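Before anything else, here is the set of structures, which you'll find just below.
Across the two complexes that follow, subunit A remains constant while its partner is subunit B and subsequently subunit C.
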Partner chain A sequence: MTVHTQHINMTRTPLPILPISLGVLFLGTAITMPFWGQAYWLHEFVNISCFFIFAMMWNLLAGYGGMVSVGQQAFFGLGGYFVLAMGNLAGVSPFIGIPLAAILTAIMALPLSKLAFRLNGGYFAIGTWVIAEVVRLTVANISIVGGGSGTSLTAFRGVDRVFRQHMTYWIALTCVVATVALILLFLRSKQGLALQAIRDSEVAASSQGVDVIRMKLAVYVVAALGCGLAGALYFASNLRISPDAAFSVNWTAFAIFIVMIGGVGRIEGPIIGTFVFWLINHYLSDYGTWYLIGLGGLAIVMSLYMKDGLAGFIHRKTGKDFLSIKRIYRSK
Partner chain B sequence: MSGSPFKDDNKNKAGPNIMKPLSRRSFMKGVFAASAASAVSLKAPFVHASDTLRIGFISPQTGPLAVFAEPDDFTMMQIFQKIKNGVEIDGRRHDVEVIYKDSQSNPSRAATVTAELILKDGVDLVVASSTPATCNPVADQCELYGVPCITNDAPWQPYFFGRNGDPKTGFDWTFHFFWGLEDVVGSFSNLWQQIPTSKAIGTLWPNDEDGNAWGNSDRGFPPVLKQKGFEVIDRGRFQTPINDFSSFISEFRRNDVDIVTGVIAPPDFANFWNQAGQMGFQPKVVTVAKATEFPQAVRAFGERAEGLTVELMWSPSHPFKSSLTGQTARELANDYMATTSRPWTMPLGLKHALFEVAIDVLQRAGSKDPEVIRDAIKATKLDTIVGPVDFQNGPVPSVGKTPLVSGQWQKRGKDLDLVIVENSQAPMIPVEAELLPIQYKS
Partner chain C sequence: MLLTVENAHKSYGALAVTKGMSFSVEEGETLGILGPNGAGKTTLFNLISGDVSLDSGIVHFNGQNITTLAPFQRCQSGIGRSYQVPHPFGNMTVFENLITAACFGGQMSEPEAYDVAEEVMNSMGLTSLANQQAGSMTLLNRKRLELARALATRPKLLLLDEIAGGLTEPEAQELVTELKKIKAKGTTMIWIEHVVHALLSIADRLMVVNFGEKLADGEPMSVMNDPEVKRVYMGIEA
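Right, the complex of A and B next:
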């Protein structure tokens, strides 16, 4: 390989064949699931997809872009509110409303980024949280979407139940696949490399000709799009929205938990993390307060003893990167 | 069962003995400890599984609304006693199973566990209770999946209009029984006319499901109060939780407010009431819903709790009987206090009534067919521990009304008791005492 690329001393790792073929197998099984699976599993998949997409976006922002935000719930909630508002007020079918809501959320992210980007590091984290609170309070005072009381999505009343379940499931599946594929391809691209350079040092990256501001803005907007998508999907299946539930900081807390358990700054991190989170949620959430204490305890243990998460642990043990975006230095 | 087998030292009291130190952990907790917080299956063996009727029960066991779920363990125990040998329907015994889920006081979580109960556990009937934040998301999911649902303990307007219900048609699958704003407006306004005041009312209506409904200028308190000659000092909807009420208190003082009302959570009211004390604001009547319904919350105010008034949807003095155990309201409360060593609390009656209706419906339906169960709910005519439940004669379809009176925390011996002082909306419930203005020392 090096013979043909003598003038390039950085090469991409080959696209990961094994995980991709496993993914295709998963996809084949998943697409047909409505025809053989139980309704419960479809519902469960839609629910967990929202957490997954949201966590992927947080990982993109923090793990690759170095922007640690605790205010991503702003976009999650906006996505949810857009899909409900379009459904209830304009009669837009939620199936069309979901992607539209994601796009509207991304547009909202443009002016909000002007505020957020004036801050750095820890200030950025707090600033994004403040922005999310401002969005929550603003929505709580818009009476057409129920104000502080919230509202129920009525657009699905009268829609055939099986059709709705299958459609919601396929939309969720499409969103999941698109999220993974786009992030993988993006991070393997030149822009992806630039993004990671910014994370490691903004000054150094900009001295190498990387347009830091534009790059950060692009990632911030893409993350908002993804979070809006997750929120739209979640509330279209949950039906009931209120500002306190939609803009709860818990959403971001769960995303951070998922990414930390899985491994920050690794694509497979949120995948593994979401799976672990789902297992814990599925089997232990009936234990009330103890469940929440356990989640917190686990996060502390992971951050103390396994900083790179389960994905990092697997990598250290096996030496393998399953969804690699690395470029490896090869000498001539 | 009549009377409790335990010694009853509250026999002559109208309300709970709130000053008594309580043991948080009763033996009941021990019995359920291993499984209480989880999905408790109340299952009877020896019955063919396919005949099992499943009831899903959603309640806020954790989070800010947890105080509503306090009687759950006790109610579940009573229901277990009732259904452990199955329920007889048309001469056949059916196994009945109750699956208990925690909403974590979060509407999103409530919707998620409802979908889980419907899709995974295949419940035939869903019941839920405690505020619109629990009832509305649960009912929305049931409506969507076509599963019969009964809820209570949330005024019917936030339940019905909060879910964008159409007063002409109602909902297909979901039913609700409780009082409405018209009852609480009627009862409170009548209560406030009993003693001479400045007729100026200061309001604490937050920006949430309840506050928006109570403060609504068409359907809420303001039009009725103005018509009855009261002056309303409303500073608009505010965000909760809230720490600082000083601007409210100053404005109330400026306007010579004698009556304070609202619907806020116990921690918010604690802030308000403490700050009112510090600023020397001394209203004659304080009727704040939600905050002072619970003996645990009221106990925290010590002496300053005396004279507070609140709406009463159930008390040991209500002249009703359980269709399930035959207990009177007084006997149920005594049984609860003896078993758990805790004071009685209003959700006890409502949780009990919820299961009274659920078991009655399943007995009359005698089938797992959702439409048959739904029609059985519609046809309900049952005298429960909170009063008669009937979905045919409600203010809107799908809603049945139960009676409401007002009570006051008054001194009985050394302790405070919640006694009935107003019954204009439900004359069948006798008044126990006269309303007294709040007394201030110094």
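Right, the complex of A and C next:
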């Protein structure tokens, strides 16, 4: 993409052809999957999509915004609860409820940010976790959504099961594509420059005219929106929610794992990381405790020897960024 | 006056680092600041750029009271700053560092920022490093980038914090040549520096700071010959 021909000597990284064509191929296969795939795989795809969107958001927040949150499960759970509450109590179809729940979650993030943003660094991490616990305990005391034992999604009663599964799948697919596209476009925009600058040095960014506080708030709200979307999708697909499942810190732990394996602060990171996580989860999760010990061990090894993750490793070996957001200078 | 600092006070707990300092800088002027380590020179910059807020006192810039503005607003209003320890955006390229500064500090559109970045890279000798990751550069080049990035915000006032420190003599000379060009374009500068001869070759006025107070302020040579300055800064008893 050449930006403004009167400034001809500067070009942006061309939009990457290979990944885009692979993406189109993937999309073609994926869109038609309900017609040839098994219901099990559809369900599996929806679940992993939720992990993926959640991890993309954690990467945006921590990898680009420098806000290491351990409390994103607050928004995941809220998204889930919103979609179930709207469905069960107001009769809103969960298919419409999913995006609505995401928006409501983002609105909730505004007051919560007032609390979280009083803290920095490690304190921010702990603080966000505490906020998530407070949200969990609050929800567990609301009897209309089942209190501590949770509730089931009844809004789908009377909806054909196959139709429901296909619709949920397509919504998940749309959400995945939209998440990747939005983050890519955002990071390639002028605001994306500011976000990368903040990631590298907050002090310098603000001394260069970047409104760091507003930018971080925007990222926090967008991340809440995405986490809410992932949660809404997950619980609309799984039909049952409880405070312990919805607000479990494991959600964020898995997201951190995915991003660390894939490469923090890189847009390809969560894509690669989710795939690795899915492989491990799919084939090794029967090993129970050993599976979790293995995940932890792998994360430690990665953070010691491959800090920039698999995406960073590939970049170092091939010199290529597959979803590049770089601006390249070419002299006259 | 482009910049006026009136009766600035700043303490960290019981330690007063700026004790009621007042000074001003005229448009187009280059003010050099000297002082022993710990005298409060960098704090003075922090108070002007907004990184640290004043306990009491007023800062006026370009006819506006900027005392309560955030650092990013002060940058946008025309105060460019380089730090003593360079703070490059390490994972971004030199070119991206500069367009970020131009886009946000200079409040330009991206295509305009590209032109400014190119111009600044050419004048600072950074063009060949345009696509290099800023974090992987040598100290000299990081210092150059630090200055270039401040320039890309199109400042009216440039705050330079020990940019010649740690450079070899020829490198420092090169830097002075660059600064003279910037000065010739009419940019106002305040330069904190321990490399005194470099500072004297460009400063119109010299101010000496000690223990958060102004010790001397005036024509460079007469300030350097002041017995009190000699005693405090150079350890020469009159």
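For the reader, a short list of remarks on this structure follows.
What we mean here is this: the second predicted complex is superposed on the first by the 316 of 332 C-alpha atoms of A that agree within 3 Å, B and C clash if a C-alpha of one lies under 4 Å from a C-alpha of the other, contacts with A are read in each partner's own complex, and residues count from 1 in each chain.
Please note the rule applied: contacts are C-beta pairs under 8 Å (C-beta built on N, C-alpha and C of every residue); 3 or more make two chains touch, one makes a residue touch a chain.
These numbers were taken from a predicted model, which means no experiment stands behind them.
In the superposition on chain A, contact of A:Asp200 is made with subunit C only, not with subunit B.
Of the two partner chains placed by the overlay, only subunit B lies in contact with A:Asp286; subunit C stays clear of it.
In the superposed model, A:Val212 lies in contact with subunit C only, and not with subunit B. Partner subunit A is touched in their complex by these residues of subunit B: 37-39, 61-62, 101-102, 104, 106-108, 110-112, 115-116, 119-120, 132-133, 136-137, 140-141, 143-146, 158, 162-164, 206-209, 211-213, 237, 239. Subunit A meets subunit C in the complex at residues 3-4, 6-7, 9-10, 190, 193-194, 196-197, 199-201, 203-213, 265, 326-329, 331.
Interface residues of subunit C, counted against subunit A in their complex, comprise 49, 51, 70-72, 75-76, 81, 83, 87-93, 95-97, 99-101, 103-107, 109-111, 114-115, 117-118, 121, 127, 130-131, 135, 149, 153. By the touch criterion stated above, subunit A contacts subunit B in their complex at residues 38-40, 43, 47, 88, 137, 140-141, 146-154, 156-157, 161, 164, 234, 238-240, 242, 245, 248, 285-290, 292.
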